[in-house]
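Labels for the chains are A, B and C, by order of writing; each one numbers its residues from 1.
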Amino acid sequence: MATGNASADDTPVLEIKDLCLSYFTRAGEIPAVIDFNLTLRQGEAVGLVGESGCGKSTVAMAIMRYLGHNGSIVGGSIRFKGQDMATLSTEEMRQLRGSQIAMIYQEPMAALNPSMTIGEQLIEVPLHHEPGITVDQARERAVDMLANVKLPDPVLVMNSYPHQISGGQQQRVVIAMALLSGPSLLLLDEPTTALDVTVEAGIVELIAEIGKKFGTSMLYISHNLGLILDTCERVCVMYSGEAAEVGPIRDLFENPRHPYTHGLFNCIPTPGRDKHAHPLMPIRGQLPLPHERPPGCNFGPRCDFFEPGRCDVGQIHMQPVDAARGHAIRCARWNEIDWASHEVATKVYEPMEPGEVVLVADEMQKYYPVHDRSLAALIAGRSVRQVKANETLSFEARKGETVAIVGESGCGKSTFAKVLMGLETATGGTLVFNDDDIGDTAVRERTPAQLGSLQMVFQNPNDTLNPSMTIGSQIGRVIRKFGIEADREKIDRRVEKLLDLVKLPRDFALRRPRQLSGGQKQRVGIARAFAGDPAMVVADEPVSALDVSVSAAVTGLLMDIQRRAETTLLFISHDLGVVRYLADRVVVMYLGHIMEQGTTDEVFAPPYHPYTEALLSAVPIADTKVKKKRIILEGALPSVLDPPKGCPFHTRCPRKIGGLCEESPPPIHHTESGHSIACHIPLDELRLVEPVITTAA
Amino acid sequence: MLLLLVKRFAMMVAIMLVVSILLFLLLELDPEGVAVKVLGPYTSVEQRMLWLEQNGYNEAAWLRYIGWLGNLLQGDFGDSIKYKAPVSDILWSRLANTGILGLATFGVMIPLSLALGVLAGMREGSWLDRSISVTSIVTTSVPEFASAVLLVFLFVFHLGWLPGTSGMADGFSWIELVLPVLVLVLYDFGYVARMTRASMAEVMQTPYIRTAILKGLPYKRVIMRHALRNALIAPFTVIMLQINWLLSGVIVVEFAFSYKGFGALLLDASLNDDIFLIQACAMVAVFVAVATQTLADIGYTYLNPRIRFS
Amino acid sequence: MTAETVNASVRRQGRVRGIVTAIGLMRESIVGMIGLSLVVFWVVVALFAPLLAPYSPVANQVSFAVPGAMAPDGGTFWLGTDHLGRDILSRVIWGSRTVLTYAPIATALAYAVGIVMGAMAGYYRGWVDSVMSGFANVILSFPILVLYVVIISTFGASGLNILFAVTFASAPGIMRIVRGLVLDLRNRDYVAAAQTRGESSFYIMFVEILPNARGPLIVDACLRLGYTTITIGVLGFLGLGLPPPDPDWGGMINETRNLLMLAPHMTIVPCLAISSLVLGFNLLADGIREVSLRD
C-alpha cells in the first residue's frame, strides 16, 4: 500500500505524547492507558490492536475527549494538526467533533437513533458544522455520500429508519455520516466486529477506498490482526494499558520483537498451522486486572524471557528498534532475545484414525412456523409461514473425529445443535446417534444414558454458568444427574478431578462464576460437558467470545480432552480460521442448506463451492506471506423467512450461470473420496478454479 | 397498524365483558341477598319473593346477566337505593366533577414531573438528580389521607389560606379545588418523575447519544432532538396508566374533602350497600381504566418507529 | 473434621458472610441506611409493643389530654389522648403491630401466588402464558381501590378479607414482573445446560431461574410492602378496614380528623407514623437498587 498522499505540510494530523489516562472509581484511581505515544500523518492508516481491556478504545475516546464523568487525562498531550487539544474549549471541541474528527462504531444498529430517519440523522451533520448551508444542500450532500458508500437507492435509505435496513447497510450509513463533513481523521472502533464475515469484507474494502479517495487519516482499532494487515500501514500493539510494540506493519508481522506480539501470533490459527504438527501455543497466565498490574513489565509474569531484577523494577520505556522506520518496543531485553534460535518445545500429536460412525443425519429437516400478524399477510392467507432453518441435512460423524459446521448467521448451524441436543425436535428425516433415532426425541424423553453421552459447550462465557451457584455444585449436579456418583464425598472428589482436567485450581469449586474470567468460565463449561464421559460433545462457538490468547488455550484444552477420551466433537463456528485449524471434516452451510462438505483439506482447496470460495476470501489472515483472491459478495444475506428459490446462494453468487440457478435446486456432486458440493456448475469446471489462498515460500 | 387498532379494541371489549361478568357474579349471584339490600333487612320473606318475582330474578342467571348487560349498554344502570333515583341521573354529574379534578391534577402533575424527571435523568448522579430523587421518594411515601390531613392543618387551620372542605355548596370554586389537587399531585408526581428520570438516564447512556455528541451537535440539540424523543416514550405509557391510579386516589381525596365526585359516590354506595350504584361505578371506573390502557398501547406503538414500521 | 463437614461449614460461613456483606454494602448507601433504620425501628416497636406501650391501647384513661398532660396515675401522656380518652402513644405502638402483621403477610401471600403464576407463564409461554396474562389483565384493569371497595363491600370488612383482597389485587402485578424476568432468563445458556441434562421444569424454574431474579424482586417487595402499608391505612381511613376498637393508623386518622382544629395531635401523630414507615420501605428499596447496580 502506498504511504498515502504526500503533503506539503509536515505537521502530523495526530500526535499523542506520553498520554496517561485514568478512571476514578470508588476503589481509587485505575490507570487505563499509560505512557502512550502515537503519531499519525496525513493519509496514513494506523492500526491499534490488543485484547479486551488493553485500553485501545479508551485512546480513541480520549482523542474525542469523551471519557465519561469518571475518566480523565492525567498526563501527556494529544495534538490535532499541531494544536494541543487540552486547550480547546467545549465549544471548540464540539466544532471539531464530527467535522474534523469523526468516528465509526462497533454496533451500527445501536449507534443510530432508532426514532429518527437516516436522512434526519445525516443532514444534521453539515447543518451544524457549516454555517450558511441550506437544508436542501445538506440533503443533496447526504444522498451523494450514501451513493459514495455504495448503498443502493440512497433516497429510499434517507427516508428509512435504522431498523429497516441490514447491519451492513447500517454500518455504511454510519461511515457516510462520518465522512459528510470531510474529516481529516477517522477513528474506527472495531467497525466490523458485529458483522458477518462476507459483509465485513465489503466494509473493509470500502474503508480502504475511502482512505485513498479522501486522503483521510485513520486510526483503526481492532482485536483482529488480520484485519489490521488488510487496512493499515503501521500498527501499534497494546497490552494492559501500554503500547508493547509499534512499527510498520510488515516489520512487525514478519519480525515481531516483543514477546507478547510474538505470543499473539502464535495464538492465531493462520493457514500454516495445524493441530497435529504445528499446534497453537497459548500465552500462559492471564491478563492482569488494571489494579493488579505487576511492577516493571506488565507482561513479565507471562513472559518466557522474564529476568528478575530487570523486568520487574521501575518503569520500562519504549526503545527504538529501528528509529528510521519508526519501529519501537517496550521490552528491557529485546536485543538479547534471539528469536531465530528460540524453539518452544511443543507437543506434536499423531493424527487419529476416525472410528465407527457415531452420528448420522439423514435428510434431517427443521421448520419453524412463524406467525405473521400483519393485516396484509392475513388477507393473503399467509399468516403462518415456515422458517426453513434446516433443509435436508445429511452428514455423519465418527468416533474421535472433529466435525465442524461453518456458516454465517442465519445459516441454521445453531438450530441443528438444538435439534441434536433435543431442545427442539426435527420436522423431517432422521438423526441417528449411537443407533437411536433421536431426531424427534425431545430432551425430556431421552434416557439419562443418552443425555450423558451427548453434551454441549456453550458460546457465551457469561451465560454458560448459573451466577447464583458455586462452580462445584454446578458440576456436581451433572455428576449426580447422570448417575455417575451418588455419594456426596465421591462427587466432590470427581468435581476436583474434572477441575484438574480443565487445568483449574481445585478451590475454584467453592467460587461463584462472577469471580472467574471468561476463559475460566469456558473451562468450567467444558468440565461440565465432559462430566458424564460423553461420546459426543457439541461446541457452539465455544471460543468466539474470548480473546485470541485465551481462545488458543481453551481450544487447545478442548482438543486435548477430546483426544484423550476419543470423543466426537461437533464444532459449530463462523470462524474459518479456527475451523481449518482444528476440524477433520467440514460442513459448510448457507441459509439452512449444506453447500459443501468434505475433509478439511478438500474443503479448503479447489474445487470449491462458490460460497466457500467467497467465505475463504473474506476471512482476514494475519500473515504477510499469504496472498488472497479478493471476492466481495454483493447484497445482504437473504432472510430465512423468504429464502431465494432454486439455489439459495444465487442472489449473491459471483459465478451464477443464469436462470437455472434461480429455478431449480442445485444437484449434489460427489467425488470418490466423499467430498460433495451442491452447485449447478459442473464439478470439472469447479476443479479449474484457482485456490483462494496461496502462501509465498 | 390498522390491525393493531382492531386487536387492541377487541381486547378492550373482551376485558370489559369479563369484568362485567365478574361484577355480576360478585354482586348479584345471590338474588336473596340483592332483595335484602334493596328492600332493607327488616322486610318479610314474602315481600322479598314478590320483589324478586317482579324484577325478573327468577330467571336463570345467564338470562339475567344478558338483560342487565343490555340495560347497561343503553345507559340504564337501575335505581339507586339510597338516592331513590335512577343511577344514571346521579352518576354523570359526579363523573364530570371528578373529571375536573383529574384534569386539574394532570395539568399540574405532567409538566412538573416530566421536567423534573428529564432534568434529573440528564445528569445521572448529579446533585440535582439526587435531590429530585429523594424528594420524590419522600412525597410518594406520604399516603394521600395523611397528606390531606397535614395540608389541611397547615393551610386551613394554621395559615388560614384555604378552605378545608371542597363540597362546592355555592357552585364551582377554584379555591376549593386547590387542596385536593395538591394532595393528588404530591402523591403521584414522584412516581412519574422517577420513571421519566430512569428512561432519560437510560437513553443518555445509549450509543446513539454518544454518536450524536461525537457528531459535534450542540448539547441542546442532543437533548431536545435525540434524547427526548426516545426518553419520553416510556413516561407516556406511565402517564396513561396513572389515570388508573388516579381513580383510586380520587376516592380518598374526595372522601377527605367531601368533594362531590365519583369516588365519593362509589364509597358512599359501598358503605350503604347500594348495589346498583356500586355496579355502575365499578363498570365506569374499569371502562375509563381500560380505555386509557388501550390508548396508551396505541400511542406507544405510534411513538415507537421500530414497531410502527415493521 | 471430615472433608464433608469442612465443606458444609464453609458453605454455611459463605451464607452468613453473604448477609454480613449485604448489610455492609447497604452502609454505602446513605438513603438505604435511613430506610433500614426506619423499618427496623418500627419492627422493634411492633415486636415489643406490650413492653413499650405505657397504657392499654383501648382503655380510656381520661377524656381529652394535650400532649404532655398528666395521667390520672401521675404518669405522663407523651402524645396526649384521643377523643375517647385513649393514650395515643400506646395506640400508635399497638397500631404498628397491626400494620406490620397484615402488610408482610399479605405481601408474602401475593408473592407466593405471583411468583408461581409468573414463573409458569414465562417458562411455558404459549397458552399457559395467555391464560395467566389474561387473568392479570382483567384484575389490573380495575383501579385498585375500586377493586378493594367492591371486594370488601361484598365480603365485609375483616382481617382475613383484607388479606385476601390485597393478595388478589397485588398478585397479578407481581406475576407480570416475574414473567418478564423469567422470559429473559430462560434464554440463558445455563438454562439450556440444565435442560440438556434432563432437569425437570420445576427444578429449572425454581432452582436455576428464580434465584437469579431475586435482585429486582427484593426491590419490588420492599416497594410493595410500603404500598400495602398505605393500602391498609387507606382502608382504615375510608372505614373499610379492621373493625374498631383495635388500633389501626388509618382508622385513628379518620376518627379524629374532624377535631383537627381543636386537637391536631390526635391526627398528626398517626399520620407521621404511617408516613415514616412507608418512607422507610421506599428508601430501603432505593438503597438496595443503588447498591445492587454498583457491582
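Basically, a residue touches a chain if its C-beta (ideal position, glycine included) is under 8 Å from a C-beta of that chain, and two chains touch if they have at least 3 such contacts.
In this text, all values refer to a predicted model and were calculated from it rather than measured experimentally.
Chemist: Most remote chain relative to chain A, going by C-alpha centroids?
Modeler: Result for the farthest chain: B.
Chemist: Of the chains present, which has its C-alpha mean closest to the combined C-alpha mean?
Modeler: A
Chemist: Where the CA atoms of chain B average out and where those of chain C average out, how many Å apart are those spots?
Modeler: That pair's centroid distance is 23 Å.
Chemist: In whole angstrom, what separates the CA-based centres of chain A and chain C?
Modeler: Using C-alpha averages as centres, the distance is 49 Å.
Chemist: State, to the nearest whole Å, the distance from the C-alpha centre of chain A to the C-alpha centre of chain B.
Modeler: From the centre of chain A to the centre of chain B is 52 Å.
Chemist: Under the definition above, what is the set of chain A residues touching chain B in their complex?
Modeler: Listed in rising order, the residues are 64, 66, 69, 94-99, 102-103, 105, 107, 110-116, 124-125, 128-129, 161, 163-164, 174, 177, 373-375, 378.
Chemist: For chain B, which residues are in contact with chain A within the complex?
Modeler: By the definition above, chain B touches chain A via 2-3, 125, 206-208, 210-219, 221, 225-226, 229-230, 233, 303-306, 309-310.
Chemist: Along chain B, where are the residues that touch chain C in the complex?
Modeler: 11, 15, 18-19, 22-23, 26-27, 133-134, 137-138, 140-146, 149-150, 152-153, 157, 244-245, 247-249, 251-252, 255-256, 266-267, 270-271, 273, 278, 281-282, 285-286, 289-290, 293
Chemist: Using the touch definition from the top, list the residues of chain C that touch chain A in their complex.
Modeler: 2-4, 7, 10, 14, 188-190, 192-193, 195-199, 208, 211-212, 214, 294
Chemist: So in the complex, the part of chain C that touches chain B is made up of which residues?
Modeler: My answer: residues 31, 137-138, 141-146, 149-154, 226, 230, 233-234, 237-240, 250, 253-254, 257, 260-261, 264, 267-268, 271-272, 274-275, 278-279, 281-283, 286.
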